[in-house]
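These are the structures, in structure tokens.
Here chain A shows up in two complexes: once beside chain B, once beside chain C.
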Partner chain A sequence: MHSSGFFLKDVAGFLGGYYAFMAIMNGVAALLLWRRKGQVGWALVWTVFAGIMMVLASLALSGTADLVPALPLSVRTLVNRLSGPVLYTLGTFVLLTVLFVFRRFFVKPMVAWTILNAMLLLMGLSMADENFASIVMKPDNVPIVGLVFLLAFFTWLATSQAVVNDDRIARGLPPVEKENDEKVLVWPDLVYTELICMVAVSAFLLLWAICLPAPLEEPASSVKTPNPSKAPWYFLGLQEMLVYFDPWYAGVVLPSLVIFGLMAMPYLDFNKKGNGYYSIEERKFSYLTYQFGFFLLWITLIILGTFLRGPNWNFFGPFEFWTPYKVEVLNNVDLPQMFWVNLLDQPLPKAPSGASGLVQAGYILLREAPGLLVMGAYLVLLPPLLAVTLFRGFYAKMGFIRYMIMANLMLLMLTLPLKMVLRWTLNLKYIVSIPELSLNF
Partner chain B sequence: MAIGETIRNSQIWKSIFRHPMPLDRRNRIVVMLTNFFLHLHPVSIKKQGIALSFTWCMGGVTFFLFLVETVTGVLLMFYYRPTLEWAYNDILALRDVTSLGILRELHRWGAHAMVITTWLHMYRVFLTGSYKPPREFNWVVGVILLLLTLLLSFTGYLLPWDQLAIWAITVGSNMARATPFLGYEGPGQQLLTIGGIDMITDASDARFGLLGARFVGEETLNRFYVLHCIAIPLAVALLLAIHFWRVRKDGGISGPL
Partner chain C sequence: MAEKKKMTVAEILAAARAADRPESAAQPAAPKEPEPASEQPAVEATAKPVLKPKPAAGGARPGVADILAMARAKKAEGDTPAAKPAAEKPAAAVAKAAVAKPAAKPAAAAGAAKTGVQRDTASILAAARAAAKPGPVAKADAPARPAPKPREAVKSTEEKAAPPRTVATLPPKPVKPAKKGADEGEDRRGFLQIAMGSAMAMGFTALSVTGGLFTLGLARFLFPNVLAEPPSKFKVGSKDGFPAGKVETKYVAQYGVWVVNGDFQGQQQVYALKTVCTHLGCTPSWLEAEQKFKCPCHGSGFYKDGINFEGPAPRPLERYAIRVADDGQLEIDKSKTFQEELGQWADPDSYVTV
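Our next item is the complex of A and B:
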């Protein structure tokens, strides 16, 4: 289904306002820059850009569906064709890595502003696609769009302060926060800030509530299962993990580990530096671990689960129509199958019929031996191995128990990306699969 | 001016506010010490501790949203009955019949916003290393608050009793079915038998405990309603009290030593 004129007329009003907002935003930015010395060039750039946004706004509001600015159909088709869980996840990983490595460049205000504008423009152009809009505009999905922009903004804000502090520390100076340790009275300095925050949040919430009605679908019916059936958006990362793991792990064990790991974090991080100010260089390991977990294993999966998973939890490109008839061939294989059948060319070990419980258990163990050995090596052998190699310094500082907890939490966290990669490359379904105990991993 | 002065000099005013207007330095200190709501704060504070670029005011915004949810939630409770007969219709009426019908919107979007601001607050606490000693325990309290915030949102999601609601809760709570040992589809539950009788069935497992039934139904609605309106908010309020108290006791907002 491609954008019908009917839909475009509907969305045109919104887009008109949207581009007008972008124009005003850039106009104000240009004005502020112009009044600062040495920024006239940039002021001009954003004035021109604001002008273009005004043109887009008037095109959107022209009343002619064909004139609403949109991504060309060929681009949309190409994006749909290219996108898939692998490209999406790896692409995000690469993107975040580039942002991190070249953070000194990306935090420059004009670079960040350019990126913000690019994001907003891309969003606007995509909104003129009916399929894209119908998912993004679902009332309960709107907050996630907000979340993406907020995270981008606050990460920029924090990183730009961290970069400054890291430079200062390298030069032997204290972090900027230290310069600001003069005391002020809470009334008025803090109380007024809080009041302004409250007013701003209230105004924002009121506006949101007036503009966007809360969703209410048909009355509940336990026989009509919607397809797809989705958990609330903040749990969609967990639902996405169900693609790779069984519910006992993705839905119960992993979330419990996340909570436990978060609680344990202050007791595992023995690094005394970086307490009370923004810094990256001084705590690179904890920083990267947190960002990996938060952005890649939590936020990215939520976005994937919300916007890109349609009926039957199939993957759909951002501009693709969510048809329930899309068929995806699943030919995933379990590790025992790979080992016994594909590699050794033997049937799976199976207890003779009528064998006693113990014999049966023995055969199950034999059948699952490859997977159990792999898991055993991963969880039992790797921690001590790492303790004498990569994590040597950690082990020395943390002591046995703390080190073991840290190492195991790290390894368990990594089970998710590892399983993803194994699925994408080898079509691996389960490493261990004991249906007799409902234990599949 | 004169009227204002008369009011401020009246016995009623003076009985409520135990201090004069905080216009000079002395009274700005006094107001912080003698006002119930303000005594949460210290009297004076390091400049960087209140810099917006440092805290993003995110904890404060989260707390404010919690208050908004409390007020709008109480108002919603006037209109809403948690029974199969009424739940959906009451929500419909909130949209179609009640005047100024954005109560539900305020509550719902406020809830979404609170989830987001809690994440952002946690993000900033991490990025400034504020979980490091002596604030480890307050971070732990925070993690429980995060969990409770999500549960508040989750239990509330069911209450409109529409398709969106019951299926989201069905999908979410199906996970409990797979709890190791305690869910009737979970690994190892086969081992919990006494004399050949399964202990863990779909009428005795973790999911049943959560839903109060084998599937999302009237018992679930009642259970989630009570959790959503009473149990979890009370727990959050208690933990918030501890959270704020600890912020003060741990030496105020963190900063470089």
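Our next item is the complex of A and C:
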């Protein structure tokens, strides 16, 4: 580990270029806005902002570690103290909900540009923190930083078009895509575009590989596990799921269900609208379900696993030092334990020693009865209950089989957040726990 | 690339237009398609002109094929009215479109204005191509293409169609050598075929034999001469070397075992814990300060006696068999494991009492 001064000198060069890039970016934006009459006010705002960025750049390049702009230590400590898996997950949920509900406001170009600048500035200021930078600048974590910005951009792009289309549809006009649906040829238009993209991406990857060498480690050994031991970034969502479930469920059943569910989607979808154009209003259920699964159950978990999970898979704040000696008090309890021991105050039902297999199975069933009942109610009773209440219209349109598939996929998807919440609130480990058969849920 | 007798694009166009000019506007407007002249792919273009001759056959206007035949006949005689443009323009394929575009538009416009009849460049070119080389035919075209010729020949009043149709003036095509080969099968090509065929067969035989041997050779590696695994039974010294409460980690790197002198259900025991997390098989690390085994992969935690208490691990760590050997040393046998949840830790083989 560097001492703080040396470290800052290491990142100062990068930050200088970073702020200079932000200044140029905003300068160009201001110029474009200036030319487009009527946006003079915003042009001035971004010019001033570009100037500030230039000042930050020169401060970063000044050669003095103390002058590099950084978040105040008190703020960093506060963030570290506040952050935890509960706040992180609920926070992202609330944030995404707010973004969705007020999307008409957030997709405005100037608002989006402001948010982009805020994100970049926050990132730059955080980079002056040693712990933050050492995690973010790790070569295998850089793609996740890119992922955050790219996802934000593409979501904004799609949402802004959907908002425009929704407005048009409300006024009785066809969506934008229907108006200029000029067709182009696969050859040469598309193939040439693809060729150019291929060349550009190859060049980019080549440069990346040269600038950020792969983080190679010592030879693998079956008795040595790096701490923390992380899956490739695209599987970090899965790894986070595994914290809450038995491997067979989080590692086999849920991923298979994800693939199966994605494949089943076109057959479950009875909504004929929104075909070939962006729209949120016309397919609200599909949109929300997908975004919930994608953003909350996949992307935010990847980000959590990459940046916030440290040694021993403990949760660390963004500016916290990753020490393997962090103590987190956890004592997870299975549901049968809660029911029999904590609630009824009696020992777990256990077969007398030497009992036959059938008797043992009976005792296991008795022990797991509360969990099995809960699971049964969840998966067997809820779908019909939902069919006559919340999903009444769906059931009428989809028919029995399609509805049951849809409802069960939904419910199984929701087991993940439910289990997470139960773990945080009740310290619940497993609802059904039959270690004798390696069957836990 | 092109043969000497083959007509250039410019010649074909010129000939076609020359044939059009004197015609009267007696027929229904020919299918008008200004676009294909510029950029339509060839396949699509061929489909249309093939059908076109039908209306032309009855009327005064000769079909494209007829014009082409006439033009070819002229060229064969040496009389080349289209020589001038041909000299100027290259016949290369790329130039085709470039040449055709500027030429087609004014001509088409003029023709349309004068007579209401128009023959677009693409159809002419396509017809020319169709006549020159009946190359691969798209499925959609297949039935349409051969149809016009015989039908027209029957229907049309022979006076107009017959004379230009003398395609005989063309150099006779080399007609399908394949047929002959099929009859005899003994000529040089046939021999070559047999020779190639057998060479191919030989090649594939050799390939499969090599592949098979290679696979067998690979299978050999499944049975190595030397096994680099440590023996499943090993000694760790007398039990005095393990004071109460101590977790010995020095056998982890080689054997994957923690030797623990600990308290299990009120009994002081020495036992050997397997260093494999029961969640997904990572190697937990012993944290002396917190007195627990903690897995770096998903955060499972185990007490010193191996019982799981935090994180997702569903069951306790496993024990290896341990016993006091004849020489007084502790001997651990990794070939046998004991699982708590199956009640196997009560087995006296799974621990040594202190």
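Keep this in mind: the second predicted complex is superposed on the first by the 404 of 441 C-alpha atoms of A that agree within 3 Å, B and C clash if a C-alpha of one lies under 4 Å from a C-alpha of the other, contacts with A are read in each partner's own complex, and residues count from 1 in each chain.
Operating definition for what follows: a residue touches a chain if its C-beta (ideal position, glycine included) is under 8 Å from a C-beta of that chain, and two chains touch if they have at least 3 such contacts.
Note that this is a predicted model, so its numbers are computed, not measured.
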Item to complete: Figure out whether A:S353 sits in contact with chain B (first) or chain C (second), or with both, or with neither.
Response: second
Discussion item. Is A:R402 touching anything from chain B or chain C once the two structures are fitted on A? First, second, both or neither.
Written reply: neither
Discussion item. One more residue to check, A:V191. First (chain B), second (chain C), both or neither?
Written reply: first
Practice prompt. With the two complexes superposed on chain A, say which partner A:K272 touches: chain B (first), chain C (second), both, or neither.
Written response: first
Discussion item. If we overlay the two complexes on their shared chain A, which of chain B and chain C does A:Q239 touch? Say first, second, both or neither.
Written reply: both
Item to complete: Give one of first, second, both or neither to describe whether A:F294 is in contact with chain B, with chain C, with both, or with none.
Response: first
Item to complete: Determine, for the superposed model, which of the two partners chain B and chain C contacts more residues of chain A.
Response: B
Practice prompt. Using the touch definition from the top, say if A:P435 reaches chain B (first), chain C (second), both or neither.
Written response: second
Worksheet item: Regarding the shared-chain residue A:K224, is it in contact with chain B (first), chain C (second), both, or neither?
Response: both
Item to complete: Quick one: classify A:D181 as touching chain B (first), chain C (second), both or neither.
Response: first
Worksheet, complete the sentence: Both chain B and chain C touch chain A at residues 221-222, 224-226, 229, 239, 246-247, 251, 436, 438, 440
Worksheet entry | Residues of chain C that touch chain A when the two form their complex | 252-254, 256, 275, 279-280, 282-285, 287, 289-290, 294-299, 301, 309-312, 314-315, 341-343
Worksheet item: Residues of chain A touching chain C in their complex?
Response: 221-229, 239, 242-247, 251, 311-314, 324-325, 327, 330-332, 353, 429-430, 433, 435-436, 438, 440
Discussion item. Per the contact definition, I'd like the list of chain A residues that touch chain B in the complex.
Written reply: 140, 143, 146-147, 150-151, 154, 157-158, 161-162, 174-175, 177-178, 180-191, 193-194, 197-198, 201-202, 205-206, 208-210, 212-222, 224-226, 229-232, 234-235, 238-239, 246-248, 250-253, 259, 262-263, 265-267, 269, 271-279, 283, 287, 290, 294, 434, 436-440
Worksheet item: Considering the complex alone, what residue numbers of chain B touch chain A?
Response: 22, 25, 28-29, 31-32, 38, 41-48, 50-54, 56-57, 60-61, 64-65, 68, 88, 91-92, 95, 102, 104-106, 108-110, 112-113, 115-116, 119-120, 123-124, 126-133, 135-136, 139-140, 143, 146-147, 150, 153-154, 157, 160-168, 170-172, 174-180, 183, 185-191, 215-217, 254-257
